[in-house]
């Protein structure tokens, strides 16, 4: 799921590559598939396609007097949550809107792309507009990952368990679970300097971290099955109080998409129903399940600062990537455990940390509507780090802070232990 | 919305005409439009198309050993509520199923039609099977009307208010509101003899009816506006207790699809937003609103027996019909008030009666799964009579009992006064 | 549960007797018991005591200029649903109001009683006021029955299953289930002439009734256990569609208050947990359960007109009554099956009929706030006839129409079969 | 609201003083008042009285073989959330349980007190048991504060706005809003050494804190009125996304208990409805409102570590206390702003911090059921510091971590600004 990495590419080339990738994601899908909104947290594919386009139109093109808006009604229909640029169509009803249809949305994309590219090539963009382009591209990459998680959830609601795209099972060997030690100290965390980062990764600042150990790999499916077999989902003492309530209300007894067929765990994937691979990192678990597993194992989840510090000392290579045909390619330098460093920190699964999503000291939201991108969500969510197989490789970096509510499971979310 | 009436047509010809009409309804719609389920009471167009086909496959073809089922999974996906033929996919989630898509469903229709027609032409059908064909055709006609009400509701959720099909506004003159008197007596009501009728219309039986008067026309939009202007929606004393609760919970202040623009009432229709025509029967009102209007006017709704008796004495002509292009044709013999008889009783709007939907004395549900068609819904619903512009003309008859819960408004439902 | 019947008693004496009986009901209860509202349908004892008093104050005393209102705030706190006399405190929150406390409410009762009795003795009351007194007394008797059903429900929520009052088990022999036949005809039903009746029992009017048979007794617990043992609660084909949804949502598998201990059915009663007596009429079932049982048995419920007609031909004696100590006295003339007439029609259990609660032809609600007593509830409810052990004997009459939604179970509600 | 402070008192004396104070809180209340549970978050007074007693019985007395349990059923009825000692009666239904009544619960308290005191005097208690006594006393003090917040909420549901106890309005002068600066450094936070503290206050550990400033006083009602008048509740840009949703869902437009009468803000208090005192700290606001105010003011909330550090440098005196007659006494050394230190940090209002409630590094929950006291609630809650007028003065300390969900408002919760 990577586009050619940016060095040597012009912004216009990157723009085109990233925009095109969105359309590649939709290629295996029918207009009907692109309509489904299977829960309020997800969005239809057609909405993602239009909303990412709306972003460029609203923040890049619309301020320019010479630009003619494609369709005024879209500004209401495809605004997600930016109060400063107007009202929003109610999120849970996105699946009720059949028009504009997929074809019309593709025309919208073409129209906006044509205008943006002309601007990019003209070289007329101000620094502020260049930043907005960068945000827009990273925004689109975030939505590309959401498209994969959302379509997976949508297809899983169909009792016929449709296949998004066939793929061969990825061979994968069990990692060795070693622990790596890190010493107490004041460490700098967060983003600084060149290269794009979201506002929530700044300011870079010192934190005091005590001695800690970090597991060499994320918890595997096989390990998680041990937790299940030990009654993990039935014993309240492993769980946060809210987690236990959730487990009982929802009737959880395994990660999302797992089904037990005649005693064997199977999982629904983008290529249909397959046996669970015990060596693969466990995925589609909530913060509650990650935390409960850690208590059961007598350890804990890392803080996001411990994670960031450890990841910088690790090789930093991407572990795996989702191929366009939905298979998975494992990278030689990402998959193996080298001496003295944790492995698989990037590009396997998003890893829940124990850190509540909060602003860094001195954080100030950017002015204008883009200031609504991150800051207002800093409540009752937990930070995930590292990026998943569904994250574009050039969208991954050690300071990246993803965040979801503790009950969310439809992301490619796993976890790693610390102590 | 009529097909050529049945006399002179073979069953096979009627089968083909009715089946084809379903596809005509879908013609102006995109695959995306056919996905929308805008509330649990409605269904996606693609579901209606498949379910009506499933009905023929299940009750006509599947019992025949030589028949090969089109797709076994459809029997679960497209069963509506027949417990005796298996489990059902949860109704409120019909809008989440994107596969089979529209094209595949059309193949399903073609496949089943080919097999049914072969059977019909062969003349091999037993009497029981012929009855099932009749039920299937009437069932499909019911769904045709539901398709129009459901797609209207679906499109109304889109803030761009899309047009199903353009149509010229129908000219229509204000009817004179006269009252017609009927004398006390024991009258026979219900269906008997030849011609198809649903089980709930039988047995034909005597009822004692006191003297009553019946309004010459359904209540018009203009009359209903007077009710609104007199504070009808704000005064609890007009309303049933449940009705008043509903008005407050839902914030109703006018019929469904009415919007007030600068003091003028507009209504969303299948051809977009149009001014309310004061002379046209009011439509898309609940039983609660019909009852409240009647109390406000100092009169009442008719019972279904009063209605049936009066309708037989009226001319019986169909008042209007929805053209395929969604306009409305008014029939000369149906629209005018002749001496000594109520008018517009058929084919304008379904008319709420004060009668709770209940079995006729001696009613026995048919054996087998078809026995689930009507009887099990006889609770907390009210009977509507007469048929609407969206009802096929050969599907209308005086003994027909339609029924909906008292809060339902998305049908073409109006009402007529009695005293 | 009877007060001395009215003949020979002055209105003032009847007033005092009925009012006193309310206080007798509360005697075994603590101030805490009188606070509980265990579901939105029920009310706390202290609310019943105050509301019945509010009724006399509002409709009898308040219109008199010389009367000083006890506490102005009570008019809001203790209005149940009379929109015409002002706003109402939200019903589901009645259990949150701790003040006025029980003692203060007793003072309120004494104060109002003193003033009403003075009026009654003075003989100054107009005919209209005398009617309001009659309504008020019958209203209080209705609430007395509700107090018993509500306190039973409240105590049942306490896992310690407290006893309202100890009572010996009533000996009772199995009735013989005979059927009695009635011939087709036009019968007069409803109230007319002297003696109090609610507005909903009028006008008396002719109805046409076909030949029918009526069971000699209500369905017994033993018969109902057969239904349970035959999988009655697990087979959708016995049930109305709404009923089946309710059974599954609520997890019903027996009448309310029944619990299975080691294979034996026990029931929670006002005197604690006792074994189910197989010969006693089944009680605390919903309309859905009554209807399902009838379908399972291959018969049906009677209409309210069939019931009324049959009851007049029966002896009319009250079958049983709840003693003040909560035992049950069986009346010799009410409990035995005499030749040629159904038995136990009055005073055993309220019997669900198949009739939706609707106005009689020509019904007009009384003017003023008392017009809100019955008419506005005529929707989505079913009529019960006969009165229960918890109904005062002088409150029972053949034309009496009780009504509840089809899912209600906390009343003393059973049923009788017809065919 | 203080008991004589502990120095010089034996444990038995402290036990008796604290237990007695619970009964003093209930003194002005009726048995009916003690029944009310006005929302799922609160509990009836009678439940608090029994649950605090259950705590001592369960953890101190029950393990001793010679002890005879008062009533076995209480162990189910009055367990709050300790899974390890058995099932719990469902929390939202605590208000439905009328038995045991208040008198019986007082007998329960007396019985347990007698046995605990005998033990305390005997000197036989192990260190582990002594710790449990300490937890039990602090637990009871927490419930004493909850009793005041819960009864306030309960009484506020009564439209007659009952008075818990009359009290004169406290005179109070406007504080000067200065800012105090603190320098960057590594500071030790958390509890260590002698004196009781809850497990969640340990281990004491170093944190790195950057330069910050802290307001000299909590935000006052007058300041908060400016926020309201500036449209604070109507502008989404001040609010966290979840906060804005909450404001709209609940229709908040002022702190809890505030009502606007003819343009003047009044507040419901334990002594009835009084005008808002502009100089008094604003109270009964949620984390969302505290955060929105801070954004509006262009600053932020302090972290819990900033708060703790600043509080140690402040005088540490308690600002005010709720008198038993529900008035408020202001302490001379707590109320005034002295040079170079923030004031009113203890005993005015609980102050929301920006810190999500999380374990300190190295935190391990205690073994056994007491380990459920704090750790399992560390999710989606925010830390409050300082103690309120309703907190016993000997229950207040700088390291104390109170915690509530961000939408909670019924506690005595205010906030202080930082930057």
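The chains carry the letters A, B, C and D, assigned in the order they are written, with residues numbered from 1 in each.
Note that a contact is a pair of C-beta atoms (placed from the backbone, for glycine too) under 8 Å apart; a residue touches a chain by one contact, two chains touch by 3 or more.
Every value quoted in this text rests on a predicted model; they were computed, and no experiment measured them.
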Greatest Cα-centroid separation from chain A: which chain?
C
Roughly how far is chain B from chain D, going centre to centre by Cα mean, in whole Å?
60
Using CA atom averages as chain centres, what separation in Å is found between chain A and chain B?
47
The distance between the C-alpha centres of chain A and chain D, rounded to whole Å, is 38
Chain D residues counted as touching two or more neighbouring chains:
none
So how do the chains connect up here, line, ring, star, complete, or something else (other)?
ring
Strictly by the criterion at the top, what is the full list of touching chain pairs?
A-B, A-D, B-C, C-D
Mind listing the chain C positions that touch chain D in their complex?
30-36, 38, 46, 73, 76-77, 89, 93, 95-99, 101-102, 154-155, 157-160, 162
Chain B residues touching chain C in their complex are 81, 83-84, 186, 205-208, 210, 236-237, 239-244, 287-288, 291, 300, 354-356, 358-359, 361-362, 372, 376-380, 406
